[in-house]
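Structures incoming, each one as structure tokens.
Same chain, two partners: chain A is paired with chain B first, then with chain C.
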Partner chain A sequence: MKIQRGVYFLELKIEGITKNYKNNTALDNFYCQLNSGIYGLVGPNGAGKTTLLRILATIIKPTKGRILIDGEDITLNEEDYRSIIGYLPQKLGFYRDYTVTRFLTYISNLKGVDKNLSKDKINNLLRLLNLSEYKDKKIKTLSEGIKQRIGIAQALLNNPRILIFDEPTLNLDPKERINFKNLISRLSSDKIIIISTHIISDIECLSKEIILIKKGEKIIQDTPMEILKPIENKVWEATIDEKSLLELQNNYLVTDIKNNGTDIRIRIISDTKPDVDFYLTNPVLDDLYMYYFGKEND
Partner chain B sequence: MNEKSTDKLENLILESIEESVINYPDDIRIDDTINTLKQYMPNKLEKQKNKEKIPLLQKLRIDISLVSPFYWLLSFTIYIIGLSLTLISKTPYITISFFSPIPFIIMFFEDIKSRENNVLEMELACKYSPQVIILNKIITIIFYNLLVMSSISLIIYYVVPDTTFFNLLITWLTPILVVSNITLYMIKKIRTSFALSAILLIWLAFIMWIINTPTVVDKLYTLNTFIYIGIIIVTTVLLIIQLRDYINENSERSVLFGA
Partner chain C sequence: MLVLTKCELGKIFQKKIIYMALFLFLILSSINIYNSFQIYDYDLYSIPKDLQKPITENIFENKIKNINEGYIYGELTDSEKKSVNLYTAISDAKNNYDSLIIEKNSILEQLNTITNKSTFNYRNTKLQYEMFNKIPRPYIFNEQGWYEVVNYINQNGMLYVCILIILGISTAITSEYSTYMDSIIKSSKKGKKQFITAKIYASIIYTVIISLIFSAFNSIPYLMSLDNYGYNVPIQNIYDFIHSPYLLTIGQYLVVQFLVHLAGAIIFSLIVLLVSALCRSMLTSIFLSSSIWALPLVIEQYTYVEDKTPGIIDFSLTNIIKAAPLFRTYKTYNILGYPVLYPYLVIGIYIILVPVILYLVYYFFKNKHVQ
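What follows is the complex of A and B.
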């Protein structure tokens, strides 16, 4: 079975991936199966997200386990596999003296994009990501947000079937974030898109499935609706005064606090009703994040 | 279901298992199974054919584009200055051996640069494998430098009287190989461009010391050719071993631990 372009069925299987470093295990027997669509990889810092994405992008090798694309182990044909992936690393780096066009041309050469096609492809991407006006500017003169968009553009150069984004919205302003989300949802019909983030709102409406990862292990993988089941009927909300805040914070898992100046709105996860003023409310992904990782963040 | 009837059922199953015979499949059926499964095996020949499809010119274009234009320009400038100095120098052999290693030291800035700029992680996810990227960069630069140095030797051989082409070759090849080995060893230990700057400065200081020490110049001039050839062979082998280790450990380590 050969990895081919233009074939719409796509299945990526992560089978028992473990990555050990000298004194710690970054990933521990990680299993996962992905098909076309957007997947949000969510977890706190140090959970193993970047390690997993680097393994998927063949940047680093797993200690144990394998990755299969349409049933074929990617190590059998890494060059072919890399020709169908696009990767945006968390820490972006550029040759500072390159212009935007030169950098994208350089990356398209590394990706083996046909020279006759690469010029058009680069121009299309520059237009798509609102980068046309910067195409002849040196990268060192550009803002972090624009650099992030160049990073996204380079990931798309080879029209990849698997897109791997590590914290893609990190340096983007709110408008650019919306543009990014629109772009991603347009691309997702025939691609596997994996987005690692700890900003839940970035993937909440986009994701086909969300994968929660903690200490190198997958906790749960499900649709945004189904994944909330563990905290159904456990999220409480109330308006409180400042005096009660500290006590509630000490005794309950607080997922959100909104200070309106006069009063405070608080969300709490609890099996039982915390106080008479509290009422049950619909859980959201931020609550789920706090449910699994709240104590860790403390 | 009571215990008695369970035992009865168990005995019945055991009897039927004992009576059943599993025939060893004949060769045709074994072959059929192998042929059916063959489609799922990776085809090495096909992979090989695909790799050969990249035309040489396209490959060369990709390899050249891996190296920044600044490097080509800088090294070419060094060669022009070096050639001019050698042509007017009274000691062409010594002059040529002084400037020849400089473009090789600068060559490693090319690799270090991508690590210091965090570009490597992006580069490593591209179609061409990390090892291929680094190796191609180094090989392209080495070939370019050897080609230019050979051309310079030819020019000197024809222009400067009393020079031999072979002696010119060994007098620049020896310092290139010695310095490249030291450079590679240093950047494996200290993974920053600081190591390269230090080597460049040490080399320039060494040149100044030799220029001001005529006895050393005399000794270098009268050194047996076989000693030069011996050094070239040993340093070539060492360089190949060092390059192999460097390329293998380069990709993952650089991404994980930075430059």
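What follows is the complex of A and C.
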């Protein structure tokens, strides 16, 4: 079966992907199944997120395993597969002397976008991402945030069915981050969108499912609600004084500290109640992140 | 593909350094041409219509005598200079003819001493004799002006074209790595095969353009000033080609030389593109490309002994780009007992190498680890 633009598919399967480098294994027998919707890929540095996304973007080949689109191995028709993906890499490249329009025109040529349609497509994307005023500016004169938006625009040029975003909100200010989230939720109805990020709040409300990845292996994949189950009734909150802080940090997994000036609000993950002042609270994804990766980050 | 090729060509021609180098080299070429026209009044070297033909004993006897009678010491008038130049042309043609006869007889003598006809030595000497035997008598001809046209590629032409290839192409793929564009490119539909194909086409087009610019810029002023007669004169009438066994007129040789030079330049540009696909650092790419081009020249400089260059130079790409070293003398290689002419062998080898080079360009770009 040939992958074709416009043909409706809903299933992307990652089957036993392993990627070995000389001295380490970046991904180890990674399995995953994705349908249309937004997926948050979460994990600490070196967990294998970028490697996985690069394999999905066909930039690197896995040592073992395969990726299937509606049951078809993508390597059988890699060019067709690439015509339905949009990829925003973590380290975003540009031709500094190109204007925004020239850059996007070049990428649309690379993506094989119909020449007659590409001009309108570019103008629409420039409007959508509030880039119209920069369209004739050279990229070297633009801020990192604007460049990041250009990066998002290039990923959308071919109206992709699968969007792969590696740290898309990295250089965006809070307002741009909200705009990005709005854009993504609008796009997600008929696309598979995979977003790798450190900033959990960016995907918390958007994601259909969250995939936690650690040392190249998938720990868990579930909806934002279900994924919190392992830490249900384990997240405690209290207001403490500065003296108790150090002791609690030494003895418990602290997921959040907020200093109000006079006192400190602290969140802790613990199977048992740490102290009489603590009360149970609803877990959030930040707690989950710390639950799985907190000790590793230390 | 056409659109992508235009884009890649645009990237090459966007480099300011190319225009600076092109401008500088055209200025240098202009100075050379200007100096040459200052030194020689090419009109004084033209040969009268009735003598535009191969040398004969008759012409030699009659003309030398007449010219000798009119020879005057001291400041010469233009007419006297013309006579002196004609005398030189006739005299040179006669000397060249005598040398050719001696060379042919020597080869024939050598051939007759070889008894075993199934040896490489016999076949080689026989081929040499057959080739030299076909060479016509030298023409009455002054090489001034034509020498500059014929030798330009061998000297400055090769230098300028190679430098511009290095400046234009050595960073063609490297820059995609260093700007981190490779990720976006490789993830796009045409970002692997067609992208590299477009780079290859763009490199070839660029090389053809610069080769044409330099060859045309240097040749046109001479060709406009020189008598058309020179086109039909055997290449052996140019001093550097006096021992050439190839049956070519200067006009034919100019075409062959340009095509060989162009083929060499294109192959060099593909090798530079390969180096570019291999290197992440632009400086490394420029250094390696320059070394591939300059190393044979350096080796030649330090090992040159009476026209006997080491094998590595014979098979260097620099020799193909120069073109002239391939055609100056009779040189063959023993392939399974049969003599294969040096230019055929060396061009053949590089033609076989082209698919390998192209495959490696695709392979290295595709498999280069992104950062």
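The rule we apply is simple: the second predicted complex is superposed on the first by the 297 of 298 C-alpha atoms of A that agree within 3 Å, B and C clash if a C-alpha of one lies under 4 Å from a C-alpha of the other, contacts with A are read in each partner's own complex, and residues count from 1 in each chain.
Note that in this section a residue touches a chain if its C-beta (ideal position, glycine included) is under 8 Å from a C-beta of that chain, and two chains touch if they have at least 3 such contacts.
Since we're looking at a predicted model, the values are computed, not measured.
After alignment on the shared chain A, the placement of chain B and chain C results in a clash.
When the two structures are aligned on the shared chain, A:Leu76 is found in touch with chain B, with no touch to chain C.
Counting the residues of chain A that each partner touches, chain B and chain C differ, and the larger count belongs to B.
After overlaying the two complexes on the shared chain, residue contacts for A:Gly16 are found with neither chain B nor chain C. Residue contacts after overlaying the shared chain place A:Lys115 against chain B and chain C alike. With the complexes overlaid on chain A C-alpha atoms, the stretch of chain C that clashes with chain B is 349-357, out of 61-69, 115-123, 295-303 or 349-357. With the contact threshold set out at the top, residues 54, 57-60, 78-80, 82-83, 85, 87, 89, 91-97, 106-107, 109-112, 115, 154, 158, 164 of chain A are in contact with chain B in one structure and with chain C in the other. Chain A makes touch with chain C in their complex at residues 54, 57-60, 78-80, 82-83, 85, 87, 89, 91-97, 106-107, 109-112, 115, 154, 158, 164. The part of chain C that touches chain A in the complex is made up of residues 3-4, 7, 11, 14, 176, 179-193, 195, 369-371.
Per the touch definition, chain B reaches chain A in the complex via residues 39-40, 42-43, 46-47, 50-51, 54, 58, 61-62, 65-66, 68, 70, 113-114, 117-130, 133, 251-252, 255-256. In the complex of the two chains, the chain A residues touching chain B come out as 1-2, 21, 54, 57-61, 71-72, 76-80, 82-83, 85-87, 89, 91-98, 105-107, 109-112, 115, 151, 154, 158, 164.
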